[in-house]
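Each of the next two complexes has subunit A plus one more chain, namely subunit B in the first and subunit C in the second.
Moving on to the complex of A and B:
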């Protein structure tokens, strides 16, 4: 018996079984209490509610939804809203971050100062406070009647930014898509330099002209090329509207994210061995070429892990949109919980959605990392 | 006949200095001029808005809407609401004192002489205990103030400290679990950590506020505030555990083997060998995590707590001061900035210190 107790193997098995047992007891007790409480409240369980219509409106959506849409569709719209704001944030904050990073490593004292001041200011204030601030600023703009006129192509008022957009039918979109594909093929086939390249460019030019003619002649009569917003009564008709909720969230997240991404990129750029840059200069590369062909590729490799962490973080931060009424996935789920009462199912969908989105980002970044990492070394 | 050329001389003097820093190339010159003008203009605008044209006191709130500068009267009128929330007016000195005690505790724990596995817990038990006693009252003639009435800066600090105090030991346990040689425990804690790290904090807090009451018997649910703090602490621990684990991995394997060979018990190995080094090696990352946590306390606004962000919104939400939102948000930003900037400066001071080999 004592031999059994002091045996390493036995102790390991015993500890691990106890661990599994305790966790199982914990989960089972949660499920049992949960079932009892849900039964007491008379809530139906299961995912059947996804087929029901919601009955409440959503103030912003990329895909077409109405109060008559099903829960499944509205939740999907919420997920798309989250991804829209998330991916736009990633793109813009990376661009701004790159600019900030180059400002901070510049030898120009003023550039350095502006970059540093920006990073310290935007990084040290909570993102939700910044989003609240931009939202207050945008909703305190003048009413549509006194809207700022942006050179005729847009108007800025407390209802949002109204922009003129090209008026395109679905066939026009198809034409554009076909043109894009044709151009890509044209450029791809005539890769290389010299005469082939020139011929390729001419061919691409011809394609562009052809499709432009197609677009202009194939239009229904009496429709302008641009849909320009017009003031009718108290609101604008036509064009495209960027709602203040969307703009405030995007601005807040981009400005905040750029401060962090800028620091990550700066760290990456500084990690590049000085000798390699000097080697580039010694080989006769210009400053731009040294940056483009030596510094950025090397820095990119060094900063990719922290960058992907930051991307996931920013994607998660889109949930603060609920504070100003942007209907992201979390906001839609939380309204659904209030309306439909299917708390457990909806929370599961909520967490599932975020795990899928975040793991996809992680997966994508890992793929990039695999492709660019140094070959032949572990 | 080859000509011998010496190394180029580095020009000195104010002209050369200006050339090097502002006019190194033609595009540097353009940027310098544009940025210089922009900096002077915005500095000027800021100073006149915040000080020169600012209104400090008003008899009538309409005066604020006509001035060109900031109207700091809103802070005078609503400052107490922002800082103390709904805490009873006569008792607000307690809230102030409690905040000061916690701030002193934070500052003390930043001093290297307090860095020991025994001193830090004692310091925090005393500091945080005093904080709760003062805020709650109900003894020695101090009226009882329930936690539902706490608000403003003291609630922000309470959440932050609560998360840190509960989260840190949990983080150590999770880190040890993930490094365990027992595969089931290592995989289990790993899964737990990854799950929490891939979810937004807001959804976790929301689940704690809304879902936990459904799953847990009423007797052990606790208040909404305590549930949210515990959930926040678990989230914090999931991140901090990875930091501590990295710190443990950076201590050499040989030390651990030596301790085992000497017959040291596991807890002594952890407390005397692994943890002290792990904490020291990862202090800058830990400070960084504290900075992030402090900023993220503002998220509990959405769950319906009256911490400093929410009380700031309440100060402009009533309509009377609705147009002074810039002043209020600037005031809030300053509060956060003081804490966060202070902490991150401290973090970079530590980093320099460690690079020099002191810590």
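Moving on to the complex of A and C:
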């Protein structure tokens, strides 16, 4: 018995299993008590409400929804809205961040100053204030009747930016998308094979010509090629609209995120050991080659972990959209809580949605990290 | 099984959020309030003008706040035995379920979901609120149909969202809905011109209009889109408390009907005109004992906040800066829908 107690292995296992057991007991008792108390209060629980229709409208959605849609569909639309603004933020803020990073490490004083000023300004003001600022700016534009005319193809007013778009049906768009994917695959498969690629390009050309011919001949005679926004009563009809809520949120997040991402990229670039760069030069690589084959690969590895962090953070920051009326996932959940009353279930869904999205980002970044990390070293 | 698992997840969330302790109550909430010697009532996060707003001295004012005071007085004898908890629209139901507040007096519309699935109980309506649309005067809209295609802004998560949707779909009017979480943001969007119109509770619209730089820039379209009965909410099963709430509202109306005011209540008590008034003011016993509170509760309430009409005038009516007409909230004998219950 004493031998058992003094055995380090046994003690370790005993302590760990007791710990796990206590946590399990704690969680289970919380669940059971909570469940009993909810039942005692006569509050309905469960996810049955998801199949009920909402009865309230949503201002902006990528997929088609109406007040007659179910809660499940409306919540899904909210999640898509969050992902739309989130991923666009990641893309644009990375591009802008890259530019800022190069400005910051440049030896040109003016560029350096502009980069530094930008980072200090946008990094040090809370993101919600920035979003409010852009929203206030966009909603103080003139009303639709006095909208700025952008050369007849667009209008800028406090209802957003209205742009002319090609008059294509959803089938047309899908055809175009399919063609684009096919071209990408073709180009990828025929890498380095000149003759095959040439044939491929000819095929692509044929597709484009055929599509154009069908588009021009197959459509109803009086529809134009472009759908141009037109003022009718209180609003513009036709074209596409970038609403101020969406634009303000995107602009605010991109400008804010870029300041952070720029600093992460700059840190990565500066982290590369000077000796390695000199080694590259000593091997006879040009400056471009040193950057391309030595600096950037090493810098990318160094900045990837903080970059993943920043991406996840930015995705969560989309929730400030609720403050300016952008119907993101958080806003939809919040309204649903008020309308359906199933607070606990909806908060669980809210957390679940963000965990899935952010875990996917993390997973993707880890995969990239795995692919590019220096092999054979720890 | 799957359903059960989902339930468990939900239950775990509520338990972790620390709401556990407040549920299991051996005694009724009314007794708990008396023991605590303080009533926990709803305020607002920010200001809901006319109903719950913080004045320049930092004190809560408004129609709903007066009812909180009346209830505190009825149960505990003094309007000061009251704690106003600032709470958003969305928080009000979780807050009452978890016991953070005792009652919701926050122009809360009586809907079936709230009444049943949320485990709540409504008092008789203490206010009926018509919904209107307010648009910019320059748009020259005489009816809601004139605003076809416009942007209509509303408070997110309120019954207005549904009411407007139904109205517009019934009339076949196209519009662009836009919902804001906070009243301040909604007002800012209207003043900035992001919205052509806002839909809402009549009193809220008047307050928004009065608060604009130039109130004449906005006009309320005289076409009500719906009427919502507002009740005071308690948790399901708190029947004793609900009784007090219902009779408190009734006493305020009965006082008005009988011409009893804050100023003359002592005089009337000394010289009651009828047996009913005698009972109401506790000259003859019974009115409080049945409810488990003191017999002179109604007298204390009227002494503290006045009758229904006085409360109305002082907070949102003629005596306030919002100048709302009594309309349907007048006594039945004056063309309204308000009436006292029978005090026997």
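Just so it is clear, the second predicted complex is superposed on the first by the 281 of 378 C-alpha atoms of A that agree within 3 Å, B and C clash if a C-alpha of one lies under 4 Å from a C-alpha of the other, contacts with A are read in each partner's own complex, and residues count from 1 in each chain.
By definition in this document, contacts are C-beta pairs under 8 Å (C-beta built on N, C-alpha and C of every residue); 3 or more make two chains touch, one makes a residue touch a chain.
Computed from a predicted model, the values in this text were never measured in an experiment.
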item: Partner chain(s) touched by A:258 [first = subunit B, second = subunit C, both, neither]; value: neither
item: Partner chain(s) touched by A:75 [first = subunit B, second = subunit C, both, neither]; value: neither
item: Subunit B versus subunit C as contact partner of A:322, first or second or both or neither; value: both
item: Subunit B versus subunit C as contact partner of A:96, first or second or both or neither; value: neither
item: Which of subunit B and subunit C A:159 touches, first, second, both or neither; value: second
item: Touching partner for A:358 - first (subunit B), second (subunit C), both, neither; value: first
item: Touching partner for A:143 - first (subunit B), second (subunit C), both, neither; value: second
item: Which superposed partner A:299 touches (first subunit B, second subunit C, both, neither); value: neither
item: Contacts of A:47 with subunit B and subunit C, given as first, second, both or neither; value: second
item: Subunit B and subunit C contact sites that coincide on subunit A, given as residue numbers; value: 30-31, 33-34, 37-38, 136, 140, 322-323, 334, 337, 343-344, 347
item: Sites on subunit C touched by subunit A in the complex; value: 3, 6-16, 19-20, 23-24, 89-90, 93-94, 97, 113-114, 116-119, 139, 147-151, 153, 156-158, 161-162, 165-166, 169, 176-182, 185, 188-189, 192-194, 196, 235-237
item: Contacting residues of subunit A [partner subunit B, same complex]; value: 12, 15-16, 19-20, 23, 30-31, 33-34, 37-38, 107-111, 113-114, 120, 124-129, 132-133, 136-137, 140, 312, 316-317, 319-320, 322-323, 330, 334, 337, 343-344, 347, 350-351, 354-355, 358-359
item: Complex interface listing, subunit A residues touching subunit C; value: 27, 30-35, 37-38, 40-47, 49, 55-59, 67, 136, 139-140, 143, 158-159, 232-235, 237, 244-245, 322-325, 327, 331, 334-335, 337-345, 347-348
item: Contact footprint of subunit A on subunit B as seen in their complex; value: 20-22, 24, 28, 31-32, 35-36, 38-39, 182-185, 188, 195, 198-203, 206-207, 210-211, 214-217, 295-296, 298-299, 301-302, 309, 313, 316, 323, 325-326, 329, 332-333, 336-337, 340-341, 344
